[in-house]
Every structure is written in structure tokens, then in C-alpha cells.
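Each of the next two complexes has chain A plus one other chain: chain B in the first, chain C in the second.
Let's look at the complex of A and B:
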């Protein structure tokens, strides 16, 4: 006996949303209709696929954005009745989940900065015209032909180059924080260390009193160029110190690469990039050892902690050949990666950088 | 990326009336506990709605909870709290895709970037490939079908709750699911052999 096709009820049938009577009617029809059986098979196949999806945990940065907005509402006295921020509140959270801080280091000179108890709000001027105060969480975006300048309270300025997207962070205890999504910014900061931080997808740049340019590509990888002073790139305990005239690349997931001077030989610069990306690292290390000048002990010093013990010995010998150790540091300490000894040696070597 | 958490969905039931009431009074701790109870469900729906775009998922989750906090006083308890929440999620997803379409230049570089960074962990590659294809197929569904499929098979909502959340009849829910299934099954037909999640039915 043939009954009417039941394809319209098959999803409910498969999901157990039918009454027992209806179910029996469908069973009877399916027994004799291959077309409806094929339709049911499609539904069950698609359901199985959906069941393979796993839950995704919201990263903690999502709450941080909500928390910041609630605080802002409360400070406005609007008891959560304030304007709901549209678009991005503190968006792109996962992107920052792997953020490393790019920390700039204060240069030796006296800085004019004086600690202010009340942090100033962000001020942003666009070349297209108009300057205004902006709140934490807002984005500054430039298109391919415009630029913007961000006034970082009393600390300095950040120029936002064309094609850039950067988010203003909370200003807390005189700490100013930006998040660079992609594009290029140039910062000139005159402040004690760690008061100005730029989060990038692959690391954080912590200002130590300096001028620098940070570029972040669409893939989240970044490049830091130091103009004056020092900065530190940090990610998951991995740190690269970058002095004026040097470059450091940083990759999502692995963090800061090995810094090198812009005036190093092309072969050395290429070899550092290869080493960092794990491309024929052995050959790359040979090139670095051969090409290194006194100044390139910057690169060699950073590699000490990033190679195996036998290569570490070779790097140590190469540095010691051009810049012998003082009595303050022993060879054994360096080969054992003693943090204090490494720091002292770096301070001595830094005179050549 | 946290995709791949074994727990598909929270087993916790409805949030208590006391918590809802405390949120209405502006109690931040209560709001936090409400957030903790629902954040992963909200995030997951948005994550898959926007083709595994964690940025979009984070933004939508923030929007949903901020809106929730602001409109808490309008929740009268006539439907389950979660149904009301799902409605906010659906609206936030749709609003976001609308606003994006206006300024879209075509290809989404974020999607491409994400696909590029996903190619790791060789041991999980086959699994990832399946997951990626499923995500892609879901993202390609028309918005109404996509939402319906996610609420039903990812969140296990009943047809009645879906009808409330989507503001439509149960018949419409069934028809959207049915169309969604047909499209998914046909798009992913080449994967039938790869997946073989269940043994073939015995003859």
C-alpha cells in the first residue's frame, strides 16, 4: 500500500518531535518508499555532522570588555542605561588572547614625565580633520590615504599610519595601553618603563622610554623597528630586548623572534629570519656565526637561550672572541643560562650595541 | 583556540530567579555568575554562525551580555530565561552580519588568515579537515537556516523553544531545519566516507 510522501515530517520524526501515532504513520510509509528513506538518510547524516561540532569556550578577554563597558556606564551614572556601545566594544578578543606585550625601555636620560594621579583620556586627531577625546574600547581606523595621531596623556604621541586599525585600551594608574590589530604605528614615548604598552596579536611591546614603529600584518605577525631607546618584546616568558637601530619580528603563537641590527649583512638578516622560522636552522646558525660583527653580539646573545647546549658553547665562544668576559661573569654561568649572569653580560655587551 | 572542548554544552539548567533579580538591581557579582553560566553557549553559537571567527564571536558575546544587562528589567519570565537569551544571540548575529555586509569588500581576509593558521597539529588534521568543512558548510547556509540548525543541533533547543527564540511557528522551525539538512547533506556528501561516524545500519 502506498501512502503520501512524508518528507515534510521527516525532520520532526528524526528529532523525536512527533506523537506516537504520527511516528507509526511515518514508519509505515518509510517501509515502502525509498525516496523518503533517502531523504531521512540525508537528515541523519547532516545531524551526525552537526553533533561533531564541539563547544568553544569564550576567552577571558570577552569578560574584560564587558567589565570595562559596565564600569564606563556606571561612571557615567547611567546605571547601565547608557548608550550601548555599537560595533566593537573591546572586540577581537581571541586575537589578544595570545598577545605579548611590546615593552619599551627608558633610555638613560632624564625624562620629563611626572606622575599624574588622574590619567588623561585619549585624544585623537585625524588628518581628514577633527580632533576629539575618545573612550577606552573605541577603535581608531585609518584608510589607505589618511593618518591619525593619538595623544597618550602626558607620555607622548603615537602616529597611526594609513591602513591601520588600533584600539584604545583602559587608562589605569597612569598606564596607557593600545591594541594594534593591523597596520603600522610609530610611537614617541618619554616615560618610565612599562607605562605604555602596545598589544599585538603576537606579542606585547612595552615602552622603556623610546621611539619605535610597530607593524602588524593581516596574519597577526609583527615587526618592531626601534628608532631611539629600548623596547622589550614579551610573550609567555620569552623576551627580546631591542635597542635603537634594531628590528625584531614576532609571530603569532611563538612570540618575539631574535633581534638584529638593520645594518647587519643581508646574509645574517636572512639567516636570523630562517632560524626563527625553523627553516634549516642549523645552516642558518652557521651563517650567523660567520657573519656576526661585534655589534651583532646582540643577535648572538639572544640566541644563547634558544639553542641546544653544544651550539650554545659555540655561540659563547664566538661572542667571547670579540668581547671577552669580565671577572663579573663566568663561562659556566653563561652556559648554564644563569639569568643574573646573562643580564650582566648583556649590560657589558650593550656598550657595543 | 579552544574549539575541541569535550563538553558540548553546559548541563546547568536555568539560572535562578534570585540571580535574575539581583542582576536587575545592578548586582555585578550576580551578573558575573550569569555570564559564567551562559558565556560558552553564546560564544559557541556566534563562533559557528560566523564561520569559526573568534573575533566576531567575542564581539557578539560582548554585545549580547551588555544588552542583557541593560534590558534585564524587560525580562518578565514569560519564557525561560535561556530562550530570551537565545533570542538576543540570534538578533546580535543577524545585526552583525548585516552591518558587515554594508562595508564588506568581498573576501574576508580574517577568514583566510584563520584558515592559514589552522593548518597545524598534523595528528588532528583529518579531524580538523572534517570540522573545517562542516563549519564552512554551516557558514554557507542562509542565515535563518543556519541559526535554526545551530539552536537545534548544537544547543539542543526544543522546537517550541526555538519557535519562541526565533519568533516564528513550530511549522516554520521544522521547515527551516529540513531545508538546512538538505543543503548540508548535499554540500558535504563527498565526506560521507571520511566521516562514517556511525556504522552503517544492519540490513
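Let's look at the complex of A and C:
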């Protein structure tokens, strides 16, 4: 009933200064609170803006002027009543140039800031009630017999299936965000990566160039089906990459599970579900290792970072048996979970997916 | 007679084994999802419009990958009419001969991408026939050939895709 907002901790959250427990609490809150998400967006945007500012060296004539003025002041401070002689340091044209530059910087910054933070409406068309503009924070709800379509600016569309509840997030040039409470949506997006994000109670679906369907149950668990391209499911630093033709399940509290291709054997698919839910994980891993085809290196690659070192070695051996390691990465790097080596190996394995 | 037959059978078996072993070490064009080329996470996407990429293609087993030539056409059958469209390949890594192909053909009809590659060292040519549907490629219906595809192979591939859609 009462929501305790987390806006006071967001700066430290953004800077990665919180403990894992605090981070998880804020993640949970952010998943359902558009107000705090908006506050976090503004903090992150300001940080990005600050990072883009670069230092500029003053012209040597300015320094020479300052030196000369300081020397003169030291020699005879009383001549100016003990204050710095500004008129002698900056000539009239230079003073104007500095003033104009300052105004330009401030105006430019203000323009960018306003452009990014001014709320823009979403366009939503209901099969039952025509189209209308809706603001961030509003909910799109369909009953058991109606559908809706959300226009994601120039990026694409999101079809809202019957029995679904979606909250519209902020619309910015740098991000379009929705929160799926429960039900099913199908997104078809054509935009640079990470521009369109769907928050679910268990994970965020980050578009990396794709079309997909995501379903969330009443318990907050979700399932992502990729049609084209690929997307990432993210929660608390855990990430699953899901390419076209693959599925990934996600659970509240634990985040994204292990992705697998829809055409994998029933035994493998069942084993992945068992592994992710911790149900006889040892036996499940045996089944996955036995059942894996070359294409199922998608599943095996994700498991590398989710098992203990001895099982990691077995998974590595299995992948290497069906798709030999390329010269660009070494066994030791993979077993040490070197992020760069894992990425390169994934890119190599993906040629078979 | 029996000895001659044994020698002949052995020779044929050895030839087959050599051919199979050699198939993996011959110049060829490999296809994969765009994720394979790493383009979806690339910051260059805005420039290259890689989001519309349907597939990535790369050359393998060539000593001079930087000078591999890859080109292609989209071969289609739309409402019974045969169409052929030249393809533009977008460079991802020229040194590694990796390109991606965005959709440049209509959504309607049955389409096959006919990709051709040539390697100068060792001198070799290869081709790949890629079945595409709804903005994605269908690996199971694609053929990787260690030589240029014949006209008949291209026509058969288009007809096979058309049949599977009807």
C-alpha cells in the first residue's frame, strides 16, 4: 500500500557504491516504480553529460595577461586598492568572446537537457476504442478479448495481447521504456541497441535489434521468445543473450535463466529448466552435456559462468568437442571466465547458431 | 579378380575419405546470425544500420582473406514471376572477410540469397544458397557449396522455398 521510494540512494546506486543487498532492493523497487526510474534516468543522463565535457586550455595570451597583472599587483597592490585589475587582464574583445562562449555552452546544455527530460506522449491504439496519446506512467490494459498497439516513436511497434497490463515509461531520444506487469507483448523494433527496454518483474528485456514476444505470468516469471535478431535479459549483473529461434525463462529474484533453441531436444529443454530451478542440477547438467548439438553451444556457453570450476571444465570440453576453439582464445582464458575471451568465443560459436 | 575388387574398393573408400576430410579445409562461405559478426552490440550500428541485418557471411580457408571477393543476388519467385536483385553487402571486417546482409528484397514471395565468393590464394571459388523468410534465414534449407552454384541448383533452391511456403 505504501511505497518507500529510493531516490535518495540513486546517486550511490548509479556510481556502484552500494552493497549487493542494497542494490537488489533498489533493483526490485525500480522494476515497479516509474518515478524512481525517471529519477535514475536523470542522474545517469547528467553523469553522461558531465563525462562528455572536455577541458579546454586557455590561450597563452590570457596566462601572460594574468602573470603580468599579478606581478604588477604584487609590486604595487595599493594602486588598485588591493583588488585585481580585471580591465587590464582581459581586453574588451576577449571579454566578449568569453561571454559569448559561456552563453553558448549554457544554452546548448540547457537545450539538450530540456530535450531529454521533457516528457513526450506515447501513441496507443486499442482495438476497442481507437487511438489516443498517453503519458508516461499511464497503464495500457487489455481484457480477455481486446488488444492494443503501442507505437514506439520511430522505432517500431509493440502489440499488446489480451489480458495484459503494461505501464508506459519515459520517452527520450536515448531510451524508450515499458514495464510489463503481466500478460504478453510482441515487439518489433528497428533501432540501435539498448534504445528500447521492457522491464518485467524478473528481468529487463534489452533490445539488441529484433522482434520478440515476452510473456509474464501473475507470479512475475517470464518467458522470452526471439523471432529475429537478438535481445539480452538482464537482472542484477546477470545477463542472458537470446538470439532468434531461442527461448529464455526468467524468474523473480533470480533473474534470467539459461537460453536454449526451440528446436533442441525435449530432454535438453527439460534439463535446462531443471538446472535453472535447482532441481537435481547435477543430473540436469549430465543430460544437457549428452544432448547438446553444435547449435546448443548457445546453452553450454551460458552455463560456463554458472557452474563450479570442475563442471566448467566439462562444459568447456563438450563445446570444444563439437566446435573447436579458435586461435583467438585460449582454454585458460575461458576457464578463468575472461570476459573478452568469452565474448570472442561466443562470436565464433554463433556462426553455428 | 577378388584381389582387383578389393584394391578397387579400397581406392574408392580412400578417395571418399580424402574428399570428406578435405571438405572442411576448402575455401567456403559460412553464414550465421548477425550476432556472430558482433554487429548488434557495435557502436557503428547507427552508421551501418545493422539492425536490419538478416545474416552475416564470412569466408573461410583462404590465405588472403583481405582480398576475398564476395557478392550476391536475391533470387525470388513472386506471384509466379521469377525475380533477381543484386545484393549490397555491408563490410563488418574486411581483413577477416566478414560482411552482413540487410533485407533488400520484398517480403512477398519465396527468396533465396545466392552468395558467391572467390579467393586468390589458393585460387578457389565457392557459393552458398541461403533460404530466407520473414527477415530471417533458414539454416536447415541453406546449402554451403565448395564451388560456384549451377543455374539448376539456384532454381531448385528457389522452388524448394516456394514449395515450403505454399
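FYI, the second predicted complex is superposed on the first by the 232 of 353 C-alpha atoms of A that agree within 3 Å, B and C clash if a C-alpha of one lies under 4 Å from a C-alpha of the other, contacts with A are read in each partner's own complex, and residues count from 1 in each chain.
Here, contacts are C-beta pairs under 8 Å (C-beta built on N, C-alpha and C of every residue); 3 or more make two chains touch, one makes a residue touch a chain.
Being a predicted model, the structure only gives us computed values, none of them experimental.
When the two complexes are overlaid on their common chain A, residue A:6 makes contact with neither chain B nor chain C.
Of the two partner chains, neither chain B nor chain C is touched by A:166. After overlaying the two complexes on the shared chain, residue contacts for A:43 are found with chain B alone; chain C is out of touch.
Of the two partner chains placed by superposition, only chain C is touched by A:193; chain B is not.
Put simply, more of the residues of chain A are touched by B, taking chain B and chain C as the two choices. Judged by the touch definition given at the top, the superposed model places A:15 against chain B, while chain C stays out of reach. Of the two partner chains placed around the shared chain by superposition, neither chain B nor chain C is touched by A:224. Only residues 1-9, 26, 28, 31-32, 35, 39-44, 47-48, 54-55, 57-59, 61-63, 65-67, 69-70, 99, 109-110, 113, 116-117, 130-131, 134-135, 137-138, 149, 152-154, 158-159, 174-175, 177-178, 180-182, 184-186, 188, 191-192, 195, 197-198 of chain B touch chain A when the two sit together in their complex.
Those residues of chain A lying in contact with chain C across their complex are 189-193, 208-209, 211, 227-230, 241, 243-245, 343, 347-348, 350-353. Residues 30-38, 40-41, 45-46, 50-53, 56, 58, 134-136 of chain C are the ones touching chain A in the complex. Every residue of chain A that touches chain B in the complex is listed here, in rising order: 7-12, 15, 17, 39, 42-43, 45-59, 61-63, 65-66, 69-70, 79-81, 84-85, 87-95, 218-220, 252-253.
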